[in-house]
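Okay, here's the structure, questions in a sec.
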Amino acid sequence: MLLLLKASVSEVAASDVAARLRMLGLAVHRTDHLGRIRLAAVGDGVPVDWDQVRRWAEVDSVDTIAVPFKLVSRAFHPQDTVITVGRCAVGSTQLALMAGPCSIEGEEQAFTIAAAVARAGATVMRGGAYKPRSSPYSFQGLGEEGLKLLRRAADAHGLAVVSEVMDSQQVPLVARYADILQVGARNMQNYSLLREVGHADKPVLLKRGMASTIEEWLLGAEHIVSQGNRQVILCERGIRTFETYTRNTLDLNAIPVVKELSHLPVIVDPSHGTGIRDKVAPMARAAIAAGADGLLIEVHHDPDHALSDGPQSLYPVQYAELVDQIRTIAQVIGRRV
Amino acid sequence: MLLLLKASVSEVAASDVAARLRMLGLAVHRTDHLGRIRLAAVGDGVPVDWDQVRRWAEVDSVDTIAVPFKLVSRAFHPQDTVITVGRCAVGSTQLALMAGPCSIEGEEQAFTIAAAVARAGATVMRGGAYKPRSSPYSFQGLGEEGLKLLRRAADAHGLAVVSEVMDSQQVPLVARYADILQVGARNMQNYSLLREVGHADKPVLLKRGMASTIEEWLLGAEHIVSQGNRQVILCERGIRTFETYTRNTLDLNAIPVVKELSHLPVIVDPSHGTGIRDKVAPMARAAIAAGADGLLIEVHHDPDHALSDGPQSLYPVQYAELVDQIRTIAQVIGRRV
Amino acid sequence: MLLLLKASVSEVAASDVAARLRMLGLAVHRTDHLGRIRLAAVGDGVPVDWDQVRRWAEVDSVDTIAVPFKLVSRAFHPQDTVITVGRCAVGSTQLALMAGPCSIEGEEQAFTIAAAVARAGATVMRGGAYKPRSSPYSFQGLGEEGLKLLRRAADAHGLAVVSEVMDSQQVPLVARYADILQVGARNMQNYSLLREVGHADKPVLLKRGMASTIEEWLLGAEHIVSQGNRQVILCERGIRTFETYTRNTLDLNAIPVVKELSHLPVIVDPSHGTGIRDKVAPMARAAIAAGADGLLIEVHHDPDHALSDGPQSLYPVQYAELVDQIRTIAQVIGRRV
Amino acid sequence: MLLLLKASVSEVAASDVAARLRMLGLAVHRTDHLGRIRLAAVGDGVPVDWDQVRRWAEVDSVDTIAVPFKLVSRAFHPQDTVITVGRCAVGSTQLALMAGPCSIEGEEQAFTIAAAVARAGATVMRGGAYKPRSSPYSFQGLGEEGLKLLRRAADAHGLAVVSEVMDSQQVPLVARYADILQVGARNMQNYSLLREVGHADKPVLLKRGMASTIEEWLLGAEHIVSQGNRQVILCERGIRTFETYTRNTLDLNAIPVVKELSHLPVIVDPSHGTGIRDKVAPMARAAIAAGADGLLIEVHHDPDHALSDGPQSLYPVQYAELVDQIRTIAQVIGRRV
């Protein structure tokens, strides 16, 4: 339920309302709207006499949030959420450009690519140190060593860092090095992990699961936000369909849909969304034209020898050209690089 | 097989080569490449001694077309096919803007919408007279009366006409009024219909089937082209996936993929691809940014009272704004409205 | 709407009620229920004052059919529909065993297979004379010659005949030779064809479209029944999913679902549903265990040289073993071979 | 690679071969075949001179395992794996009947249901104590308290216990109470969890992910087995498709496919596979007819008041009837209850 308090209600009185709701067994989250205090009170199956609550002196109105995701819905928080990471404000008019290799493979690789993507205009460097791989016999990432390299390479070029965390136990370790904690598509419904990053004080990038509906994706975000961490960036990376020519089917419809349903920023990963190098740039342009808040793109200076995802990685020069194209398209819809 | 004839081979000698191939039981199609004559000889399972053909005096080289679709593949015809319809050259640098109501409902409706889309910049008017409807109890279209109204409304505003043909027997009738024969998604594998429009002398707009892979879609086009009609425009309109928030999942990945595999033009229908009015413009912009050759969009001046597809039809003013946005995006990739 | 007439209403009076409903613009279909006359009056968007109809002297009650498919719903016709073809009563306690080659290829092939499947217990012979093929260069069937061979082979062994019709124009020709007109998966939404077989006086076997929901499938059947032909046999043959190991994903869930929603018989085609010979028998057994009314199975005595679908065709001996297994499973659920 | 040692090779010599392979950087797993020692040596990208290994004195032959899953493939281990849990031998001719409530809700519920399913013939009791729920506001399970109740209720009726583990940290706790550790569909690619249960000394029930191909599912099992735990039971529970009438599409094709590709037992969960009570029995029968090694079924004595999955839970009497039907079907394929 969404409680709008009266304009005259003081901070102290609002806290008291929240406390009373919590005593009824509800979780209470606060957001402000047009200068007034708003409280969301959530708790499935908790029996509450809402007619009585409506008559409380401090309460102006009580409304249902008609969607299963509450705190991440526009109904709860009408304004766009903006998440600041380094020089980047994800969800603002400025597009968030995140780029880098699939996996961190070594010092030279990390620094070479960091330099290239920074020069092209990226503000966040991606790079995997813990890799979820279908086969137990594939390269599993450099682990903490990879995180250290990624951090140093990013720092050297003024970039923030996003890297994947695969397990609830790994959260403190990854949070030590990364500015954004990435939850991968395969873990979008790993609720233990979602709860743990929900307690972290770092923004979370939540990829859409391969077979997740938009509603389930937003419920995944709700798992995080309900733990207290409101800094969630959604990332569309393609869904699984019958089409086999491309690795996944990039669902750009999801961009305007998420923008309507939620206040959270949403970016697009056209590298996994297509799986084919020369399809990445067209789909990156399309994502921005559809209203995405940014891009997460795999870039590698020597993709033929990459330890993972080489065939879908852009060369640095391709990435730079793409950023130039994005710059013009962004203007059409009131955004900028 | 693809036979490149020697540079010196005359038209008469080339005809003779073609005749000899036909006597072997093959279908022969001609295309020219860089001033030289090229012949495609197709026939599954026809036993031919290609080593001997390779030694014919007129023949320079014999190559396999490694894909199941032959005549629509880039291997057969490396240059983009351009199809001229009225003031529109589909597949050229100029984008093909097709718009109009889902169904033709009456004279006033047809003329009002024709005026609006022409003013906004469209060059082709869409409008259904024969409607494939899931339920036998839904409005099935005005039939020939609808085609007459569509033709008159389009003529009054200098527009060409595209309209759907649902059955092989209907082809002559629809071809009398329309400039482009549309084959709908549900009929993409109605091979009797494909064969019949393959004999027509009008361009064909072939929508992708709801569950068709890109390869099956191109094979559908091959059914048409193999009958002699090379003027096929492909149209992506969304595929069926598990996601239910949108009517279909618009597969924009298909745009750069088709552009690589085939020489045929490919346009996008974001109206069916999303099913939701305020998602049409973002996805139309995305389609152009991804490299589509044009757009097929449903526009209605009074969508609340439309007899079909009202919820996904743009108001004329929205369509005009969209065309303005498209104009700028088109420049980024060397196209124009 | 479903009108139950009073017990005392005569045939003449019932005809008069039907005539009055037709004058209101409705289509009227009659079914009887527990000795009383029931009329279904359908017509989307036709404005009718149902409160007034409810007060007609002959009318006992007026109820809504809450599903989009009306005449094929259990609400309209609670008892199972049984369709008699030759020695087979499809939809009765006796299972309908239909078997034969994918395509009719010649006299010896047709007679050899007819003998084998008849000996094993089949009562209907399948065989394609007109083949919908993805590629225009694949074998397209023997046409009328194939139908003649199929008819003669089936007659020689006391079998009825089912064969595919691909186009509305072909209906009279195929109906001359076949006892059951098959509409293939690719044509499940070819409404011109559905209308035409709806006027035929032969039962129709309607395969589920590759990407069709159960509701759309039943609406396809409704297109046929609404034209007057109530003899429709549904056939589940696998849907398209992301899984690629099997040709299709056989959706046996659909069997109990269709049985609940509709009175029409439903059979299963495990040959197309799996695409792999040694997976056909397990899935055929599963189909019967799930409650299917019969099986449509591809059998070929020399599948390595079959012109189509060899890899999924059973050898005659395998088919005979399968029928034996089916016999026992059938008893568990009160059916018999 | 699969090394078959010579018949004369002693245990000591075989250990020496294994040690040499490990020194090359390979993981080595042993299985015996027809009285001879076989070793699987796996390690993606490890450079090994196999021609030289082939010449080792102890080695008879060296063969490639042509599938990406190695240790779980039939190539590695041709005989069926049988996993003994309590009175049940999963993968033997005896079917494994696992049943119980979705969630453990309290003492009376647990004991009532345990008694009912034991009486009907089940040998393993299911029951969730940690529940993965799409919404953070839904009932999340009783935790350790639930595990204790489940254990006591099962013990009281001679049943073994299967319960879900949601996170790598939870493994020791759940293993204290359960005989089989269940990894849910949402966690099928949670590789940290797979690794952890791979170190446990309890059998693992691995559900197929909602959008996982059969190959990915077997690779998930490979993650577990490669850690040393060979006791993996696969469980098909429905995949996500476009069909919305049922909760999931139960993919019974997967049963004969898995049986061909792998030596691991595979059971079916028709409760989640359909999501509808009266569709569970038909699909359970179908699963056994298709060759499944057992069933995992939700049973609740008061499903209208169940805290989760009530609508898909069987009443105890329905479950007992189903087991009777299964008994007869099992005989057809040489199995027994």
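A, B, C and D label the chains in the order they appear, each numbered from 1.
Here is the rule we use: a residue touches a chain if its C-beta (ideal position, glycine included) is under 8 Å from a C-beta of that chain, and two chains touch if they have at least 3 such contacts.
In UniProt terms the chains read A, B, C, D = 3-deoxy-7-phosphoheptulonate synthase.
Values in this document were obtained by computation on a predicted structure and should not be read as measured data.
**Student:** Which other chains touch chain C while also touching chain D?
**Tutor:** In this structure, the chains that contact chain D and also chain C are A, B.
**Student:** If you tally contacting C-beta pairs, which comes out ahead, B-C or B-D? Let me know.
**Tutor:** B-C
**Student:** Please determine the option from A-C, A-B or B-D whose contacts repeat those of C-D, over half of the contact pairs being identical by residue number.
**Tutor:** Interface equivalent to C-D: A-B.
**Student:** State, to the nearest whole Å, the distance from the C-alpha centre of chain A to the C-alpha centre of chain B.
**Tutor:** Roughly 38 Å, centre to centre.
**Student:** Between chain B and chain D, what is the separation of their C-alpha centroids in Å?
**Tutor:** Computed from C-alpha means, the inter-chain centre distance equals 49 Å.
**Student:** Counting in whole Å, what is the centre-to-centre distance of chain B and chain C, each centre being its mean C-alpha position?
**Tutor:** 34
**Student:** Mind pulling the residue numbers of chain A that touch at least two other chains?
**Tutor:** 211, 240-242, 244
**Student:** Going by the touch rule set out above, what shape does the chain contact graph take here: line, ring, star, complete or other?
**Tutor:** Here the contact pattern is complete, since every chain touches every other one.
**Student:** Could you pull out which chain B residues touch chain A in their complex?
**Tutor:** Contact set of chain B toward chain A: 211, 213-215, 239, 241-246, 249-257, 260, 273-274, 276, 278-279, 282-283, 285-291, 325, 328-329, 331-333.
**Student:** Show me the residue ranges of chain D that touch chain A in the complex, using the header's touch definition.
**Tutor:** 42-45, 68-70, 132-139, 166-170, 186-187, 189-193, 209-211, 216, 219, 222-223, 226, 240
**Student:** Please output the residues of chain A touching chain C within their complex, sorted ascending.
**Tutor:** 240-242, 244
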